[in-house]
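Below, chain A partners chain B and then partners chain C, in two separate complexes.
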Partner chain A sequence: MAFATLKTNPAWTGWSRWANRHRMWLFAAPSMIFVALLIAFPLGWTLYLSLTDSAGSVRNPSDFIGFENYLAVLTDTRRFWPAVGRTLFFTVGVLTVEMVLGMAIALLLWRPFKGERWVRVAILMPLVATPVAIGMMWRLIFEPNIGFANQLLGWFGIPAQPWLSGAGTALPTLMFVDIWQWTPMIVLILLAGLTALSDEPDEAARVDGANAWQRFRHVTLPLMMSSVITAVLLRSIDALKTFDILYATKGKGGGSFHEVETLNIYAYGLSFDYNKYGASSTVLVLFFLMIIGVVWILTLRKKRSAL
Partner chain B sequence: MSPTQATLAAPTPIGLPALPRAVVPRRRKRKLTAYPIFRFSMLALIVVGFLAPLAWMLLASLKTNVDIYDASKSILFTPTLDNYDTVFGRADYLAYVFNSFWVGFWSTALSLLLGVPAAYAMSRFAMKRSAMVVLLARIIPGVSLLVPWYYVFSNLRLVGGYEVLILSHMFVSLPLIVYIMMSFFDSLPLELEEAGQVDGLTPIGAFLRVTLPLSTPGIATAGILAFIFSWNNFMFALVLSGSATKTLPVAIFDFVAYASIDWGGLMAASVVVTVPIMLIALFTQKYVVSGLTAGATKG
Partner chain C sequence: METYTVKLTSVLRVAALSAAALVAAGSLTSCTSTSAAKDPDVLRVTLANHVWTDIVKDAIPEFEKEHGITIELTQLGEDQLSDQYNVKLNAGSDEIDVMMYRPLQEGKLFATNGYLADLSDKVTENAEWDWADFQEGPVAATSFDGKVVGVPIITEREVLYYRKDLLQAAGLEVPTTLDELETAAREISDQNPGVAGFVARTAKAAAVTQFSSFLYSFGGDFQDAKGEATVDTKEARAAYEYYGGLINNYGPENVSTDMSWPEAMAIFTQGGAAFYTEADSLYLNATDPAKSKVSDTVGFAAFPAGPDGSKPYNVPSWALGVNAESPNQGLAWDFIEWATEKERTLEVQQAGVPGPRTSVWEDAAGIESYPADLATAILANAENGIGHDRPLVINVGEAREIVGDPIVVGITGGDIDASADQAQELFSLFLEDEK
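Presenting the complex of A and B:
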């Protein structure tokens, strides 16, 4: 009954008419304001800090020093450029393996089979597991003396490896961990793409005598290019920003020789271990530009494939 | 792409002579027998590959540290719950479990409240640019937000409280929810709410009473995924949580900081974090998968 009286109340009907007319912005505005407040301001501040020599505490007075930070960072061949190299090596490496492996698994799962549900559950588990816990789990498995990895190598007569504790092996080991955890993501996206395909083109090609590889390369793959690019896009954004497993296994500075120090780890360390906010902001601005560049290129590519 | 288009386009790139010798396609017997075996062994390998490390973590959490160091006791050992005793005995591990739930619950609920109507408006009115603003949040490196956030929130004396954690986790879940719900609303036929409006509902009324009830699967998908992402989040809580509001990932990380590594305890702590989320994923598998693949199949 309360609703009925509310309905006849002129103030309510006036408001209701206004709300309905402006529902587009009424619905969208709260989210946009929230995001804008939490992004626009920090982003603006990061830009500003990157032009100052802010250090110690952000409350300390800092001087505006123009592009000096950028000059210092871009000529830093000791920490910055190696970090750029590691970030790119990590991202390109894991992405390549994850795409190839993910595609292979997706094709394997494509046609229905008995026990399909259980295979899918198995694939989903690494994906939802907490990355920090996963980092700890692999830390034990790759422990040089007591870990299962070296035990396994021992069975085949291969000498023990330092894995996470080796300066040269730590990053590839962590790439393996990333591949273990995130290949399932690619599988799920590609599988969704495959399932949406109609059977007819594949059948037609089969009737024409194309073999399995030809059918995949010239029929299936072109038809699901949009899923492929979505998978690459989503994964590359996250791979560039990988933080949890790196920090959980190697700690501050990416290990004692900075062997797994990517841009994200480097920027985090500059801010929260060394309190060099100016320099950190500079690294972050450059890092952000790099991510935007990657996203931009892939989005263009996606648009072209959708035509 | 429509099926007819696909059928027309498909055979051209192969460029094989269009005249097969036999009219009836030949069945290749050899392939038909070999493939299922190959496929089965590959699938078994995949299942083992993805699950074995997790099983190893579970086994190690049930071993004494002496057994963990003994290679001959990899599989066969006397299980013990001592590690779980240590984990729950030391510090306030149960409190951290609660923190993770509390932050995950509120950040998901509030993000749904803000995100679902926004996604609806962005989908129905094709607000491409506004959608970009929200999705931008997905691209930004989280570290760049932490310094300003820390400064502002510590001035407001909020660092170490639940509010900051909830807000920072919302920053992750809101874009996720908008992204998932937009592709859900895109696929929901417009006719249903139009019918509601013909029957005398206002546009907002039609949204609340027709579209929203129909969107339960989409909302469940978005909500479950947002909760999982909040539960797993490490970086924001690492900086913004206090000793009383610590979430589980930070608690595990601190476990290592204590002198030498207590492997059994560390694995038990890791199991405590991963098992709840895996159970949720297990029972809501369909939703989790559809959320992770939202928007993957459209051009």
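Presenting the complex of A and C:
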């Protein structure tokens, strides 16, 4: 389709001419104002708060303290850095397992088989469930005394585990829940990538005597790298921001030893439990920069794979 | 290439329509929020999920009819209520008129922020309603800088819940001291595999309030008279040692460090523990056969005495206040007066929610519905009670996490001394920061 160009009417003057020249901006203006109000303003406000000592209430007078909050947060080895570590551990851990499992399941579902539709529906079930409901359900399953998980272990003679109650086991347990819930999303994305592949390269490799692993490693995987990076990109942003299952199962502070306190949970606690809005905004700005960094690296990688 | 003519009038029409739609949407939104909030015939009441709320809610049509108004009631769980206040009151919203709040948890913060209207004149206006009838401790907790900012509605003290059958089988008397409690917990847990000798809250912040009675009974407190931190004193260390040790040694197997009252109460009411220390206002959970397997064997006793005597907390857990931004302050006060009048307080207390009025405790009808041993325990506790169950600071959430750390360290068998040292250091810095 051709682009529209404008036939200028010589009778138009002044404001009309200006409006006509800037019609692109005029059309876009309402939605741009809307976006500015909904996204840019909260971001700017958070940035501003991070430079103040706002606490108690944002309506209370607060002093502009420059980068003092940033200095305090970045040198906080008791809560901030452990939260950064947990956020990264959680994200990298779940992403690795979800990608491997997701790829395996997508490869299994790639070729048509009997009952395929039912299997796909079953696999997608966790994806459509409400995260808080999932948190509550798993909390019951992992209850140390009456939960199903320990009963199951008992049938095999394995001693009961503390699961969500243990300082060392809570985060891995929640990573398991996250993997259970979000692997289907990876399957969906990778399956879409696999379905779009043409059969010829695979057949050519087969004729050349490549085995299944070689065909996957050197033909299928490189061809669908773009889908893989899309999946990693979407899922990593989401995993970094995980809040609902952590909060639903362990509450404010991420447990008595802060064992599942990620950056999101920490920032929430600073705001809603401690009412320290300056410090909370600082954590959020740093977290935002961290997410931007991850997205930037992955986008660069994606561009490179597309070349 | 095709050439299209874009009429300027069309461009402007679209832009104007979009802008108008945006403005209209904005105005409509603000209309719905402000017009209803400023409607003198609508009173917005925000309450917590509680037996008190259920009873008062049933009577609300009576108030509506009497005043010819409509009440918009929002009922939320404790945490959601807190978050809701944080968001709305921070924004200076006038969408809340009457608010149910926790005087010791957020009272100081709300009063410092100017969220709560001054009710000093209102409380003395109606002699029949009788402000002087409210107990001194709860009144102190709902006052700030010499002004009354709330009316207490529910009070609570820590009592000892115990299993009569297990004590009888072990040939033990009801413990009256903390030493006796420990001995009884040990003997019962030894004799009954699978039954814990003792259970109580274990989550760091949630446990602080129930730990406070142990702390006071050992002769300690969170702060001294000058407001300095005192969580590393000999007495405080002994209390941490005792509370943590009791759960670590005689508590449930695989004990979680995330238990607040619902989880700890569930263990006790499912028959999993012999002793349980908890707020008396929650007793219906243990005596109601629909909720408790031990409803016919549960007994209650005053808080056992420590080296410094029996010193349980005696606090107002909830109060009603008026949002300082509310345009309906007069009506909001009428509601509070109506909800806290003597007859209603008596009715609420008879339904199992301990009230803050002296008269309902002096009235035989006020305690006749309570189990006899619970009524005796409550009266004894009220006499010895301490007026706070957590540090008296503005940022209570953070303070509870700091002073609660040695509790969970004790429960998990860790180094309580090191944890108390760290708690003292952090709490001192925290208090310095709040000055």
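Following the convention adopted for this analysis, the second predicted complex is superposed on the first by the 275 of 307 C-alpha atoms of A that agree within 3 Å, B and C clash if a C-alpha of one lies under 4 Å from a C-alpha of the other, contacts with A are read in each partner's own complex, and residues count from 1 in each chain.
One rule holds for everything that comes next: a residue touches a chain if its C-beta (ideal position, glycine included) is under 8 Å from a C-beta of that chain, and two chains touch if they have at least 3 such contacts.
Because the structure is a prediction, the values reported are computed rather than measured.
*Asks:* Taking the superposition as given, does A:F272 touch the first partner, chain B, the second, chain C, both, or neither?
*Replies:* In the superposition, A:F272 contacts both chain B and chain C.
*Asks:* Would you check which partner chain A:L284 touches, where first means chain B only, second means chain C only, and both and neither mean what they say?
*Replies:* first
*Asks:* Given the touch rule stated above, what does A:R23 touch, chain B (first), chain C (second), both, or neither?
*Replies:* The answer is both, since A:R23 touches chain B and chain C.
*Asks:* Is A:R206 contacted by the first partner chain B, the second partner chain C, both or neither?
*Replies:* Touch partner of A:R206: chain B, not chain C.
*Asks:* Contacts for A:G255 in the overlay, against chain B (first) and chain C (second): which applies, first, second, both or neither?
*Replies:* So A:G255 only meets chain C here.
*Asks:* Should A:L38 be classified as contacting the first partner (chain B), the second (chain C), both, or neither?
*Replies:* Only chain B; A:L38 stays clear of chain C.
*Asks:* Quick check for you: in the superposed arrangement, does A:P144 touch first (chain B), second (chain C), both or neither?
*Replies:* The answer is second: A:P144 touches chain C but not chain B.
*Asks:* Taking the superposition as given, does A:P126 touch the first partner, chain B, the second, chain C, both, or neither?
*Replies:* first
*Asks:* Does chain C touch more residues of chain A than chain B does, or is it the other way round?
*Replies:* Tallying touched residues of chain A, the top partner is B.
*Asks:* Counting only touches as set out at the top, which of chain B and chain C does A:S226 meet: first, second, both, neither?
*Replies:* First partner only, chain B.
*Asks:* Where on chain A do chain B and chain C both make contact?
*Replies:* The answer is residues 16, 19-20, 23, 26-27, 30-31, 34, 58-59, 145, 271-272 of chain A.
*Asks:* Quick check on the complex: what are the chain A residues that touch chain B?
*Replies:* Checking each residue of chain A against chain B gives 16, 19-20, 23-28, 30-32, 34-36, 38-39, 41-43, 45-46, 49, 58-59, 105, 108-109, 113, 115, 118-134, 136-138, 140-141, 143, 145-146, 148, 151, 180, 184-185, 188-189, 191-193, 196-198, 200-202, 204-210, 214, 218-219, 222-223, 226-227, 230-231, 237, 241, 243-244, 247-248, 264, 267-268, 271-272, 277, 280-281, 284-285, 287-288, 291-292, 295, 305-306.
*Asks:* Which of the residues in chain C come into contact with chain A in the complex?
*Replies:* Residues 1-6, 8, 11-12, 14-15, 18-19, 21-22, 79, 82-83, 86, 89-90, 92, 109, 112-115, 202-205, 252-258, 272, 394-395, 397-398, 401, 404, 408, 412.
*Asks:* Contact residues on chain B for chain A in the complex?
*Replies:* For this pair, the touching residues of chain B are 1, 3, 6-7, 9-11, 13-14, 16, 18, 20, 25, 39, 42-43, 46-47, 49-51, 53-54, 56-57, 60, 68-69, 71, 74, 114-115, 117-118, 120-122, 124-125, 127, 130, 133-134, 136-149, 151-152, 167, 170-171, 174-175, 178, 202-204, 207, 228, 231-232, 234-235, 238-239, 248-249, 252-253, 255-256, 263, 266-267, 269-271, 273-274, 277-278, 280-282, 285, 288-289, 292-293, 295-299.
*Asks:* Across the complex, what residues on chain A touch chain C?
*Replies:* 2-7, 9, 12, 16, 19-20, 23, 26-27, 29-31, 33-34, 55-60, 144-145, 160, 162, 164-165, 167, 250-253, 255-257, 269, 271-276
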